[in-house]
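Each chain gets a letter, A, B, C and D, in the order it is written, and its residues are counted from 1.
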């Protein structure tokens, strides 16, 4: 384990730190799946969960929960992230101008043929995405007690996003909080509490089980869609309360995803930055998905009353990656 | 339709051109699903196919068919493509050195917290990938008669890879040709014929149906895995014969994927570059997947004798993208 | 010469087009230095000019005219350009965390040694820069009648910025227009006329000669420095009048640079976009420098009354590049 | 000063370490120009040096010492560096295909006008380049005792390459060692000693003075130009001996540049990696230039017998950059 950086105790947050450390002590999954584990709560997903998820495929409908990756995305500046850029290596306009000869054997435009090709330059956490277990550190460590030193300029030696690849398939459950409350979207700063989660389960006639991917809608992405503001750079947002973590822990939820930039409510509820991440991601090893676009799945779920589905939102195996964009699908 | 670039007739390939144009006339799906269609043969996938695919989930096992995206990949130079690069925006080593203060509210290392973040720079066709229907042109056009001019420095105005998003879920069928032949891998230049496909179907007790994703193993990726050579830049390879296209057309196959860089056999069978792409991708609108890693699925299929599975290999919605990396999963 | 794209005549700009074409006919340098020339007015610079420039080195002072390349730059969104990004390949924090072993022979941190390295991702026209002669087209052509088709996804086959390399050394002359007028900066939309240029020459006791690099200060960059607004994406700006081109042509100026994003006044004076570029860059082959930071050279020139200097602002030989960032120096 | 990483003493290199530390003690310039200095030996360049350099402009000839930045460069894989890539934002082929309307006011192709634009993606040390004083660490520190911790994912807080901007103008002296020896190029592993430097000064009738940029030719770049091999990734090379540092120190040389990837001879002369960098760059603060293309300047110098020139090789002010590509010019 790494030497932690110096920590100066702020008097005002003594109680906050006590709370945080108490939650860590209570909820930590370090060692639970072995000292070498790099998958955290995705270990809750096994064949039984996938077979159960299969039963949620009822109509053969596929609903995307991924926001398109393009210049209309939410990364409008700040913290070094830009919206994704595609750069061409070859274009149709080149081809039309006769610029693609010679292809091998002079088989390009002179014989009718041409092609296009391109490059992608993007933050891994640019839009709909999973955080890897290498994303957040506390007291010098990431998930399972690995030193933060293992995340350097060459990427994450452990806990990289490749460890999630092939594992983000399970039963998905949508809890639509604005629908529960009869509003369009939750306001910035609104915490989603255990009470709200349970009320949504009841209203939406769905239960949360071991290994589920819990998808919580706030409506906030839809609210900001045409005018992102600080959505992509850490602004205030509704989101899960820190105090839902024991509930998620008890239910053995494998993953939680929301339609906000950071899953948890902002401003934060205690005097630590992103405490839900500190306890949930770093210590529970909970898979966290962000900037999911839940408009379509909310509509589909409301239409037929089924709030569970076959959840397939598997990240790219970017070796050592801190996150990954993802095609997130609800198959119903 | 765009004005095609000048084409100079080569005497020697008159018969080849006649063949090519005859196949195009016979197999083209332009207009079949409307003049605005951008999905081609993925239209063969509908709720019925997905419900049928559900029945292929038998044990709850998930098998990845994606090659890791990293510096060990096959892009070792040539045609402008490099292996993917991940560049850090924030690292654990920065955090340990106390470099992440101030986070908001000075909540960084001084209170124990830190984070990592990164950027991805990659060709979209760097490894396991789908070609979009904007990837190949013939006679000035791409799929469905759209002008190649629509693919410019801003990407593909039509037929971009985002049109495949949410559509690459169906029943998958593996045909393991080396297993059929009792060899490790097919040699460069070996065409996979209709006879081989049918023999594999028979040996492997599986049939190909409307809307299927046909996954054809050559063993070639495994053969080159530790020493790629020209694998990533258009070298000779085994692959599907041009003459399998009528068979694929008749069976209404939605997608075909192989463990080679370009699906079709190289050197090409006639005097055109990548004629399977010209006829299949550009005119049939057939979804083409490349550089799938089929070692694990071949082993799993051989073990229990099931060669069909729930196929989920859905691309990222990269607006205007020519291709996309993909998490390709066989759920069994 | 390439086939030009279709041009639809707008009734209202018939007179404008007549003017534009008349200027082109009068000022074009196509063929002047041979049909293969790719340097345009930089041909005015020869040994005599450099020897004359040498005489402008009077005190041994070096003054930078380059804006730093970093996230504080003017590219705050729009037209696909972002401010430059530096991504690390290796950092001091990695090294301190012991992450750089093994260097060859285990000679890294275990023996005290470490290193840093990085990648640059930047638009070539991100800040202080030269346009290449491949930057602007008219009637299907770029400078010297080369087809626009020569500028494709592989860069500029002709007229790329590498043709300027080793040529942007000459006598520089600063004309400080706000100083002439006794104001801080020119307002958006203010054209700098021949009369103003001549008055500045007189007030500032300097004459413009064959082969000079003419540096014209508007004060606009300084005005916008802390709040760029639309500076980097084509907003209104003061700048050179189209009607200064005959004057520049007659004086055989080699290059002109300003402290604005596009040299010429915006909104444009006639019904064509950037007509100074169309006539000056595309037809005269005039070297155009943009976003030069002239605050320091203005101060130095005012202090000792010398408005000429040894001008060294030589671009990188980026083969096929459309522009280049540059270290622009006034050596006095 | 930072806490150094652990150093394990290797028995075999005790004498080497004694030598290294003795040279550091003897040659260090830390503090010489103040505790805040970030320019090192470039402080030797002042107005007097520039005025003296002016006298080296004899004929008005400009000779480039920069290798073109393109796909033919030496970065053929290894240590994360690729050759530079230019990606288009806009092309002539797009324009010819009518794809650039609307420009503002529909002033694009419909009125005859179009443009090209591009992006540069490159390691900063890809070819002809300066190392910044943030490039190499020893015992936890970089030049002037700054902690290596100051070089993180955001770049170099101190000693970044922007500190060299506007300073790399001085008198240049070429010492052509292969010419001295009557050979084409020095072989890998050949150290250039003080004796060779002095013999070259004598043969080439030039003396080295305070503030000079010393340019040492090995011929090695020319030897490898068409077949780079391991040139760009740390292979064996001829180069300056570690033991020339006292000579350079005594002469108050401001900068040293060679036509090799790393200035110093490889394999290294003692049991430390790149000891010339450890002593010269990190402790003396000596400006180090690499991969200079010296073929043309060698020919020009031999032709007229003048081995000194006006040296202008000023880096881009890439804020926090570890290195910079450069237009390196000899003005004669």
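What we mean here is this: a residue touches a chain if its C-beta (ideal position, glycine included) is under 8 Å from a C-beta of that chain, and two chains touch if they have at least 3 such contacts.
The UniProt protein names, listed by chain, are A, B, C, D = Kynurenine formamidase.
Please read these numbers as outputs of a predicted model, since none were measured by experiment.
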Other chains in touch with both subunit A and subunit B: C, D
Contact-richer chain pair (by C-beta pairs counted) among C-D and A-D: C-D
Euclidean distance of C-alpha centroids - subunit A vs subunit D, Å: 44
Geometric centre distance via CA averages, subunit D-subunit C, whole Å: 25
Contacts with 2+ other chains: residues of subunit A: 2, 80, 85, 88-94, 96-99, 119, 121, 149, 152-153
Arrangement of touching chains [line / ring / star / complete / other]: complete
List of subunit A residues in touch with subunit D within their complex: 85, 87-89, 91-94, 96-97, 99, 119, 121, 153
Complex interface listing, subunit B residues touching subunit D: 2, 71, 76-77, 80, 82, 85, 88-91, 93-94, 97-99, 121, 149, 152-154
Interfacial residue positions of subunit B with respect to subunit A in the complex: 2-8, 10, 13, 17, 46-51, 54, 57, 59-64, 66-70, 72, 79-81, 84, 86, 88-93, 95-98, 103-105, 107-125, 134-140, 142, 147-153, 155-156, 162, 165-167, 169, 234, 271-274, 278, 310, 312, 314-323, 325-327, 329, 331
